[in-house]
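By written order: A, B, C and D. Residues from 1 in each chain.
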Amino acid sequence: MLLATGDLPEACFRRYLVQDYLFLLHFARAWGLAVYKSDTLTEMRRAQRLVAATLDVEIGLHIEYCRGWGLSEAAMGSEPEAPATIAYTRFVLDRGLAGDRLDLEVTLAPCVIGYAEIAAERLDDAATRLAGNRYREWLEMYAGAEYQDLAREAAAALDEQFARRGGEGRFSSLAAAFATAARLEADFWQMGLEAPR
Amino acid sequence: MLLATGDLPEACFRRYLVQDYLFLLHFARAWGLAVYKSDTLTEMRRAQRLVAATLDVEIGLHIEYCRGWGLSEAAMGSEPEAPATIAYTRFVLDRGLAGDRLDLEVTLAPCVIGYAEIAAERLDDAATRLAGNRYREWLEMYAGAEYQDLAREAAAALDEQFARRGGEGRFSSLAAAFATAARLEADFWQMGLEAPR
Amino acid sequence: MLLATGDLPEACFRRYLVQDYLFLLHFARAWGLAVYKSDTLTEMRRAQRLVAATLDVEIGLHIEYCRGWGLSEAAMGSEPEAPATIAYTRFVLDRGLAGDRLDLEVTLAPCVIGYAEIAAERLDDAATRLAGNRYREWLEMYAGAEYQDLAREAAAALDEQFARRGGEGRFSSLAAAFATAARLEADFWQMGLEAPR
Amino acid sequence: MLLATGDLPEACFRRYLVQDYLFLLHFARAWGLAVYKSDTLTEMRRAQRLVAATLDVEIGLHIEYCRGWGLSEAAMGSEPEAPATIAYTRFVLDRGLAGDRLDLEVTLAPCVIGYAEIAAERLDDAATRLAGNRYREWLEMYAGAEYQDLAREAAAALDEQFARRGGEGRFSSLAAAFATAARLEADFWQMGLEAPR
């Protein structure tokens, strides 16, 4: 992975950063939808925490981090969404509205949990080089304790919801939605790689 | 049951007929929502048949039937919805949007399947008097083969969806939603009974 | 108004308090829906503040206040929703999903803005008696600066959205939805008055 | 345009046909959503006609037409959706749920009305060659009176809804959503062109 070795062209990373900003706006909408789709106060409060984590923490940190790469919030906000950004975000929202909250969270998982898995895996990899790697901060953020905790909590919430709303009959449909979401998440990364350099 | 003996005051039945017209409009919306929430062409076609059954058959028959009671479509359309009509229809639509299609159909069941059960039960009851009963046509419509088939098909669809999307974990939540819907359905009838005579 | 004179039977107020707790849960869901329905970060943040105002402040204060009336959160949470509670909350959510965010906020207005208007009007009324009135705290909360500000902000947000998403063509439909919501809000109060004493 | 001259490689057209089948399933869901989002019986019936036009006519004709190209329904149904198919269809559904019915129909317009415009334009173009063109039937279907009528009706419905639910304040937001939808529609065609040959 080019991020982990520091060999990713900067133009690719900038494209990724801009689209990730646009992505996060819809991510926050998805957690707002989860507030609506909650059955209990406890469920609502968890969704609310994730709206806040996205709007107050993630987007805030992202804007600050992007400034270090010469990208202002206004500039990012005026960029058109890439088709890959639209495809993943709207797929999630449609699954979330057509299905129930479990359908919604399953399609969010490749993003929420996937980032944690990939970052941890990269840091454990012998080929990863942190010294002098301009993407180090980014890698350490997602491999760090705070994000890893959030991902673990998301995985636990999925298990809890599967027990309460799932059942073996749903497994194949949930797995198919997860697979599509994971494919769209990969396309999102690929869109960065294909940025004109 | 006063309908079955023919002893129901006509003002109550008229009130029920007007509100049932308003109810059916939202019932059709619920089946439109089921088209949206379908995962397969087969599911979509079943929901489409129920949109058509509501808009083309039920509402059509209802308007014609009401004309016999001196109620024009325009007059019914300009009546305000009773709170009991709003409560049941919007409860169904909200469950259907917050949950998945199984949640939607479970809350529709007290209406779709309930009418069939009640009408059949009435016709079997010794106290029921058809001769000279001005509600006879209404009772026979819901006890008739066509409507009974529709209700049986709805029950089978619920079972099929429970196998595919359900699981024991969902049972208590589905049962609670069904119970609330059944209570709101009963309130809907009660609203008719409480019409000023 | 019996609250303002202190003459409201306590059983009525208790019934109102329990149902208002159940109401607030769906009110928070409505603001979660508004996060989903937002077009900009600014809109999202306003909706998020209202989710937080409901879940962190209103429900919190309500639970504490109800404890003073001998009502525990667990007891309130296990009460069934009254038809009037279901009718108003689900009407709002359905308008919010069938229409756009302006439709949603217009149907919330009788509650958000209505409480502020009514409380202020009561305090200005010569017939209102605060000394020894066991509902004084409740009246002063909604007539107080904090709530009055929130209501003014809600009215300004409606105006701003009407400029951006409205147009004269929408006025009659918005007015009709507002009128229905206001009627359902009044029914909600009436439900308290009709509590068995 | 390669279709109009008959120079389009068949592999591209086959890819387009398969994805168009998958597209139509979500298109039918969008019209089901329009049934739900209808305010009047007239609006509901128009949406219902479009569900029927999609499920009974378009998908039916498409399956039959594809058979002539050696593509069975089962084969098409088991293909994964291309990102371009997901992006356009889910963008439409999300706009339709986040906004009102006008938002929904505006994002459907590049497809419904766009096909009619493009086909008519192609048939009028001197460079178009019908004799021996294996895409002739396809061109004539969308340029034909039946489809042209459907598109004209859709344009009239947009105008009518804009008068009723629009207003100048909405214009820029609707135009932006239309522009994104048109871009995603173009990407959908491009996805066919980029099929491995």
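In this text, contacts are C-beta pairs under 8 Å (C-beta built on N, C-alpha and C of every residue); 3 or more make two chains touch, one makes a residue touch a chain.
Note that the structure is a prediction, hence the values are computed from the model and not measured.
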State which chains count as neighbours of subunit A and simultaneously of subunit B. C, D
If you average the CA coordinates per chain, which chain's centre is most distant from that of subunit C? D
Would the interface of subunit B with subunit D count as same or different, where same needs over half of all numbers used to appear in both copies? same
Subunit A and subunit D, separation of their C-alpha mean positions in angstrom: 31
So how far apart, in whole Å, are subunit B and subunit D when each is placed at the average of its C-alpha atoms? 35
Any idea how many Å lie between the Cα centroids of subunit C and subunit D? 43
Give me the residue numbers in subunit B that touch at least two other chains, ranges are fine. 29, 36, 93, 97-98
For subunit B, which residues count as touching subunit D in their complex? 25, 28-36, 38, 41, 44-45, 47-48, 51-52, 55, 59, 77, 93
Can you list the subunit A residues touching subunit D in their complex? 29, 80-81, 83-84, 86-87, 90-91, 93-94, 97-98, 180, 183-184, 187
Flag every residue of subunit B that touches subunit A in the complex, lowest number first. 36-37, 39, 97-101, 103, 162-170, 173
